[in-house]
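Going in written order, the chains are labelled A, B, C and D, and every chain counts its residues from 1.
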Amino acid sequence: MGDLLGVAVLGAGHMGADHIRRLDGVVSGARVAAVADPDTDRAKEAVAGLDGVSVHTDPVSALAAPGVQAVLVASPGPAHEDALLAAFARGLPVLCEKPMVPDSTGALRVVEAEARLGRRLAQIGFMRRYDAEYRRLKSLLDDGGLGRPLMLHCTHRNVSSPPHFTSAMLINSSVSHEIDAARWLLGQELTAVTVLRPASSAGAPEGLIDPQFVLFETERGALVDVEVFVNCGFGYQVRCEAVCERGSARIGDEHTMVVTARGGAREEVAQDYLVRFADAYDREVQAWVDATRQGRVSGPSVWDGYAASVVAEAGVRALETGGRTTVELAPRPDLYAEVSR
Amino acid sequence: MGDLLGVAVLGAGHMGADHIRRLDGVVSGARVAAVADPDTDRAKEAVAGLDGVSVHTDPVSALAAPGVQAVLVASPGPAHEDALLAAFARGLPVLCEKPMVPDSTGALRVVEAEARLGRRLAQIGFMRRYDAEYRRLKSLLDDGGLGRPLMLHCTHRNVSSPPHFTSAMLINSSVSHEIDAARWLLGQELTAVTVLRPASSAGAPEGLIDPQFVLFETERGALVDVEVFVNCGFGYQVRCEAVCERGSARIGDEHTMVVTARGGAREEVAQDYLVRFADAYDREVQAWVDATRQGRVSGPSVWDGYAASVVAEAGVRALETGGRTTVELAPRPDLYAEVSR
Amino acid sequence: MGDLLGVAVLGAGHMGADHIRRLDGVVSGARVAAVADPDTDRAKEAVAGLDGVSVHTDPVSALAAPGVQAVLVASPGPAHEDALLAAFARGLPVLCEKPMVPDSTGALRVVEAEARLGRRLAQIGFMRRYDAEYRRLKSLLDDGGLGRPLMLHCTHRNVSSPPHFTSAMLINSSVSHEIDAARWLLGQELTAVTVLRPASSAGAPEGLIDPQFVLFETERGALVDVEVFVNCGFGYQVRCEAVCERGSARIGDEHTMVVTARGGAREEVAQDYLVRFADAYDREVQAWVDATRQGRVSGPSVWDGYAASVVAEAGVRALETGGRTTVELAPRPDLYAEVSR
Amino acid sequence: MGDLLGVAVLGAGHMGADHIRRLDGVVSGARVAAVADPDTDRAKEAVAGLDGVSVHTDPVSALAAPGVQAVLVASPGPAHEDALLAAFARGLPVLCEKPMVPDSTGALRVVEAEARLGRRLAQIGFMRRYDAEYRRLKSLLDDGGLGRPLMLHCTHRNVSSPPHFTSAMLINSSVSHEIDAARWLLGQELTAVTVLRPASSAGAPEGLIDPQFVLFETERGALVDVEVFVNCGFGYQVRCEAVCERGSARIGDEHTMVVTARGGAREEVAQDYLVRFADAYDREVQAWVDATRQGRVSGPSVWDGYAASVVAEAGVRALETGGRTTVELAPRPDLYAEVSR
């Protein structure tokens, strides 16, 4: 397919460094052309050993660097809006990590900006859409053989939460993945949300409401429930059961090597999302590189990023008020005719 | 243990006939001494081939028949209150099928009557407490190694509902099993209930709200969610996952013979509760016979039967109103110091 | 079905005591009428609390005791031949624990004695035929939907072997269950046997050849392989996969409660055959009591007991010689027209 | 890591075309520089749309083409020896598909040629060593926590065999994967082989001996049994259970999405090795590209390719004779100090 795609990576933290490694050594057809991070040492370290990469503190200067043909945004959430608008201004295709923009007002500005361009430039990093099991489930639901989906039962568990993780972040950081996954699997917008608070675990930090049980309603009457438990103590576990009119389908009970020894039969549980979804990240970035080199944009859109922001904000309000909260979306521009597939 | 326990069976319908077969040919230590049913032919047919059984139309006359030492109540629910009070009046131990008494006012009268006696005579037929998987889960929770239980995720699915099944019956007939199981597993009373209505399945009869998603809260803050779907089309499936502070445990994904042939790897799903819980019924009746012959009463109490009625009534109101409904129990007599174990 | 069947139990050791408990408190329709054991104290202890049981040191005197209508033989293997012949002489139905008779010459004498009677009196205690999973597999094979069975892959593992367990006993005590199960599942006689010796486990006692890998050939060309490993250290595990022309079916990977906690997802493995096959023993004895009360004899025949002895003897020779050993059966009396179903 | 590695691909058939697609669009750091196939049209089609690829009919001319820095051999087996020797002559690193060389005499010449060079240039395409499940099993065995491995139970099933597939090819084409996997997992050479012939399936072509049951012995006394069944009718299924002194571990019972619908709970079985091992091929080629760009050679060696040939030849003799056949390897050059890890 010709020359390698030159990518500017914004942000050289945990996620950015991982994407640099991926662009260099895992996916085909791309190379890192520039990196930007306020911490120059961190940026240099992330590209150590790579040739032809310019290092910047300012994202805009990175976008203008020689050889840059596309942008991967892995900086902190509050910097995303400016980065996306700058990429749009230069006509650069962009893959933006989630959350697209943390607040829905800013997210809407991004939607409007791209809609004004009249063509898609951005793909949002909802990587579960690239996971093999989720794709199999999506394909089964789209196929229609089991009838309409009526309910999704979801589980999202982490070993433990990082420092400073707040009760609201269980919704707008953890459950935000389920928000996008539910919209995508069902091909429907979410219309209301309720958050229930079971007794918090003694294993959670003082004051953190954990676990939570979140209920979403959809525009065609499906119900989505999510157990989110970020201090479950034993592993990273993401499961989804879709209950349809004529059957159900379940993913996320991985089953690879079974070891039987004193104590019973045992299977490993992944400890980290980078393990569970390693392939999904690889496939996501490869798909973005392939599409970009062919002049296409596919995958989750800025509308998906915006909708996720609005639903997450409604979820946080629902957590705070204890009541059912409706989700109010702006009118959808024609460019985003339906939930992206 | 000496002579066989003479049992009067009230009701010779589907359930009563099955219990007669069980007392005669499966469990040890009991015999059918009398049977009562308004339909004499049906009663005679149910005991055909058995010796020494007197046949009655009137339950009270059956209790007074020669050789009767204990009573098994398998008549329709509305007849249970009179049957229980008659058994109490004669001091006869009794195993009463669920629902103990369909309405909570009548159920409370039974509680008060037994409390006045000052000793337990009745065991209520919540047979899940005798299922091997449920007992394993109960034992794990009681053991405490996984910490406090925070949530129960329950599924209750039937192939199809019988004629005349109403939306309220999803709560007070189907979910009533989960009501008792949750109280027993957690050792806590349920304090509030909310019923959500996802889009109804095209596979359900016109007008039936099916599936439903029921949320219970408990006195110590656990959350119990139940998917009840009585026209799921594929099988009888009862599952329960208990999520605790340090781990989770799941039952109900039976796994016996795996057949791999064109179309994939496949496992049977039970089609009927009499298949899934056949052993539980056998163990329940054997436990009752054994205890009775030893002069003991164990198992679910009339308080459990009463509490199930109250919670089910609150659930039906919650279904009708769409709101959260609290559960109001009468004061608990000392005889029933805690949720029966 | 009228009065209880009076049973004489020969042998009051581990197995005999367990059967006495079963006849008294688990199965329906029988009672213990007599018990015989050279150790009178042991016999008395096994029937403590039971009424109307006579205690004997001599088996023959137990058979002649008042109320004895049938015999359950649970004495040591060398005593079985005399017990069976004595039961035949009195025309008493008998359930005989395995091995029917340890040596094939004695086993053949039992076959000939029953054949002379011209009717079956004995059922041999191959209890796997009463296990729910084995029955499901048998039913699937008989159904024919998967085509002819070509191979059985079997596993037989114990935590550890008892003292004085010899290398030959892996064949004639442990694998003897698979010998009968294979004959029954396939409806074919076994015609040759080879025993391979992988390196012995450091967990096995000095000098014990453990594990062994045993290969059986059948009269219609199926192949049966058995891993027998009696010091595997972790549990009692019995599995069987039948590979047919159009699919395979596997039993023995029990899957009941899955516990997920630090360390992964975990399932218990049974530690003991009395746990794994508890239901099978109950069903076996109930089936025998029911048939006997109806004047029928069903289940594994003395021919099955004889065939198991001959195959086991060939297996031990194969272990000793390292070569393939053919199985030579006496002509089959008409009374045993085919492998019992 | 600098410029892309220029690869000459020899052979543009099914496998070669797949590797060209992989080098171009999946793995990072490589590009196709030349392709050789006697069928020029096929070669051109395989590289359609790629820039800078020279097309050759003669493999040697492809090796000499501009930009070629490494060789991937995907031509038919009989052409491999010449290709490997030509690569050695030019000092080019080479990834050679299996079988390395179909006959052991030719394979030995390749070993001797590389040994004379004094350094490794070739990696042999035993891709199972790059499969995630096999690697997990290998790592568990190497870790030693379960004690010494005593047995491997392996299954290798295909839906149906291609035309002209012979009974010998069940050994030297299908089982050759298990031969390498067993050597690698155990870190031991195989020393003897026996092939048993259960009744052939009615689903196999007339005259094909299918299934077969193959037994390998190893230098330290482990036993490896392989069911190979290439017309099983239902799927591509590769399983391996390692039985060790203190536990067992099993891979290959994939378990991803479980669909429950009328007929039971169901999981897909892969239909094709390119599905089951797709990731393994990707990882294999990526590992080869990465190592080559760093000037290293890793992975399966020509000794592994030679040993596989010798064992497969012994297996075919064992199939023909029906007896146990010993495996005779030439002395191992120091360059291949042990079974490659």
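The rule is short, and it goes like this: a residue touches a chain if its C-beta (ideal position, glycine included) is under 8 Å from a C-beta of that chain, and two chains touch if they have at least 3 such contacts.
None of these values were measured; they are calculated from a predicted model.
Novice: Check every other chain and keep only those touching both chain A and chain D; list them.
Specialist: B, C
Novice: Most remote chain relative to chain D, going by C-alpha centroids?
Specialist: Comparing chain centres, B lies farthest from chain D.
Novice: Where the CA atoms of chain B average out and where those of chain C average out, how many Å apart are those spots?
Specialist: That pair's centroid distance is 37 Å.
Novice: I'd like the Å distance between the centres of chain B and chain D, where a centre is the mean of that chain's Cα atoms.
Specialist: 58
Novice: At what distance in angstrom does the C-alpha mean of chain B lie from that of chain A?
Specialist: 45
Novice: Counting only residues that touch at least 2 other chains, which ones in chain D make the list?
Specialist: 233-234, 246-248, 260-262
Novice: In the complex, go through chain A and note every residue touching chain C.
Specialist: Per the touch definition, chain A meets chain C at residues 233-235, 237, 260-269.
Novice: In the complex of these two chains, what residues of chain D are touching chain A?
Specialist: Listed in rising order, the residues of chain D that touch chain A are 1-2, 4, 24-29, 49-51, 132-133, 136-137, 140, 145-146, 246-251, 253-262, 279, 286, 290.
Novice: Enumerate the contact residues on chain D facing chain C in the complex.
Specialist: 147-148, 150-151, 153, 196, 198-203, 211, 213, 215, 220-223, 225, 227, 229, 232-234, 243, 245-248
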